[in-house]
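So that you can tell them apart, the chains are marked A, B, C, D, E and F in the order they are listed, and the count of residues begins at 1 in each.
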């Protein structure tokens, strides 16, 4: 039944769902999100006056490492192999757009890994700019596309 | 200079800022965020027809544990003591509102811990409902209030 | 030779045993354990007077997450995939009975994961009740059943 | 009120209890436990015929490292400093007796750290002997003594 | 092109390289390293006067556990299965020689796991002897041999 | 007695040494190390032809994060606060020189944290260049200077 929370059993108790019966297959997911920043913080990220060597780099690496920590953070996520993780950060007028693509060949989808990577990259970016912009906010963290598995290709409606 | 990224040195290289000179003192932070859900997912969370024992509980615990993992996830965060963490989830018409309050007595603020707790709780909630609502999104993750330290009391403008 | 500690080489040095030659196959294990509690703590867990929303839920989730941390905790355990983890807690007159079932399809058995889940769930439960019952004890943590692998089906004699 | 679960708030929701108001002070705890083993496994641990260099050493080190992982494993435990951890394993006729002593100077007691160290040492020992004795069991894991903090000196009744 | 850093994309941004197209196959790596110690520290390690039960054992176990932590430590390493890890420490006149052999059957090589195991074993050994020899140094940590994968058998020239 | 391994008790068993009696005070350590690279790899790191945005940045961040993981990796290290971590990488003719400075105010020194940061930065750098230079080696990882604590100021002889 599509309307049930699959992570809960019939008594409402949490469980790691048994995926033994699922096929191993190529799966991928794309998630995106944005960090809304003040004009000053955006100008600083774009400016040539302040060295920014690692500014976006720290967030990108935090995102990639965050993808690997997904089963440690999300209680019911299966520990799975990850075959590729790419995190992109684009400075825009209102802040920074983050995109993460994750690939695997395993028994479960990787949308949680992609969402976690975007979230951790966003958190690390906020940590970088918080002295300049304490009001920075994370918004629109969501799955855009998902391929593989029984449900096949899903794109955000 | 307020306009510099304090986590970067003069060459743009990332560093964990030296806080030896900061005073140990009571500090607290409140962060909030929301998970936007479909009407079906909200109805399911509110409905009595499906047992939901652990549905919100998993997210709450994931958030509390996430606060403790902050220095593991955010590259330049200092490992600090945490003296209290509270995560609240409220089911609303559009989804679930999440609030986290963190307290400590240490040399750095705890707004990153509060933001991380909200983000991880939100991710865990999405993991719970994703079979029902694959389009769930995290939005408005931000610091609302911060007390203690040199900057004193800050509230979101 | 059955009487050797397989985790030690011929000089007595610890090693992670080479399982390259073992077949990938479906494997499962069931472990159980009990937390002995005072009558007051049991009554509190059963009582409707005190809200207990997360009381057993925290222990259940800690157990599931503990199963995933097994290779981090047990020095010579192989990092393996987990395909399903279920932790059950039943309040009984003398305390709480804990059962964990773990499934995988990999090269090693999952009895250590099941035992670790039971132990961590038990520890988390003690943490919940320790203000009420500082004398709580964990007992009878053991493998009940194990299937898959070269040794096939094993049940506790 | 002594009869409440301090880790749950008035709605039954789990929280990391605020210990800001507690004094920093010297605290210590002793926990014990036993691993019940077959006569064959005990004989092997005592025998000089098989090199056992790391047999007990692996369990001892796993226990010490386990103490440090307590806040990662137990959802509501505070991350605290540890000033000393000692794990002792004694081979007895029925198995192995484990004792752990933990010291700190912080705002919370360390009985959960001591119990976790005993449990992880016991699990690691079972992992070492499981090919010889698949029926090994952990029993009697409990706090023996606790000093420091508001409650002062507590010994197992 | 052999001269490119495969972990960077065409813009210089770090990524976890996509290995979906690589074959799963048996792979192995051997890495070595040395800890240079004072004559006093070497004599102590060799002497029968001071009990040294766990001296080398701690380093050996730290190395094995370190191999498992490789994807947590090295930002762009893939999380992979490990099928066997062996760490050897030999006391020599100038210090201690460390060798690690790692085996797997996965899509990437295991030389980083072998190097990490050697490094962590070396660090743990220095931690053991640092009160006696604060000038201890790690040297010559390097891959000696690597088999499996597209590049086949590689031995240090 | 200076000639004893402080991490072993009188029976040779490993322990986390009790530092309760040590004073909390400002402590710092500097460690260095080098990664020896082929001329081709050095030229690539220096060349403007290949984008190298994150090449050294990944290693720098891995080092900083590695410092925070020290108590997880080194079995007998105390979990302590870190107040500042700085990792510097300089490309030289023979490879890359790495320096790490760590500061704290706690009961134990931070030389292990500094050594771990250098080692992990070196491992991450090797991971970046290994496709170009499979023979890269880590050498001369050692403490240069240490201040604070009972032993006061120590500099490498």
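Assume a contact is a pair of C-beta atoms (placed from the backbone, for glycine too) under 8 Å apart; a residue touches a chain by one contact, two chains touch by 3 or more.
Chain-to-protein mapping (UniProt): A, B, C, D, E, F = Cyclic pyranopterin monophosphate synthase.
Since the structure is predicted, the reported quantities are computational estimates derived from the model, not experimental observations.
Among the remaining chains, those touching subunit A as well as subunit F are B, E. Here C-D and A-C are compared, and the pair linked by more C-beta contacts is C-D. Among the remaining chains, the Cα-based centre furthest from that of subunit C is the centre of F. Between the Cα centres of subunit B and subunit D there is a gap of 31 Å. The geometric centre of subunit A is 15 Å away from that of subunit B, both derived from CA atoms. Within subunit E, residues 13-14, 53-54, 57-58, 60-61, 65, 69, 72, 75-76, 81 each touch two or more of the remaining chains. In terms of inter-chain touching, the protein chains here follow a pattern that is not a line, ring, star or complete graph.
Each chain pair that touches appears in this list: A-B, A-C, A-E, A-F, B-C, B-D, B-F, C-D, C-E, D-E, D-F, E-F.
Subunit E contributes residues 2-8, 10-14, 33, 40, 44, 50-55, 57-58, 61-62, 65-66, 69, 72-77, 111-112, 115-116, 119-120, 122-124, 126-132, 134-143, 146, 154, 156-157 to its touches with subunit F in the complex.
Across the interface of their complex, subunit B is touched by residues 9, 13-20, 71-72, 75-76, 78-81, 106-107 of subunit D. By the touch criterion stated above, subunit E contacts subunit C in their complex at residues 26, 57, 60-61, 64-65, 67-69, 81-88, 103-105. Of all residues in subunit B, only 53-54, 57-58, 60-61, 65 touch subunit C in the complex they form.
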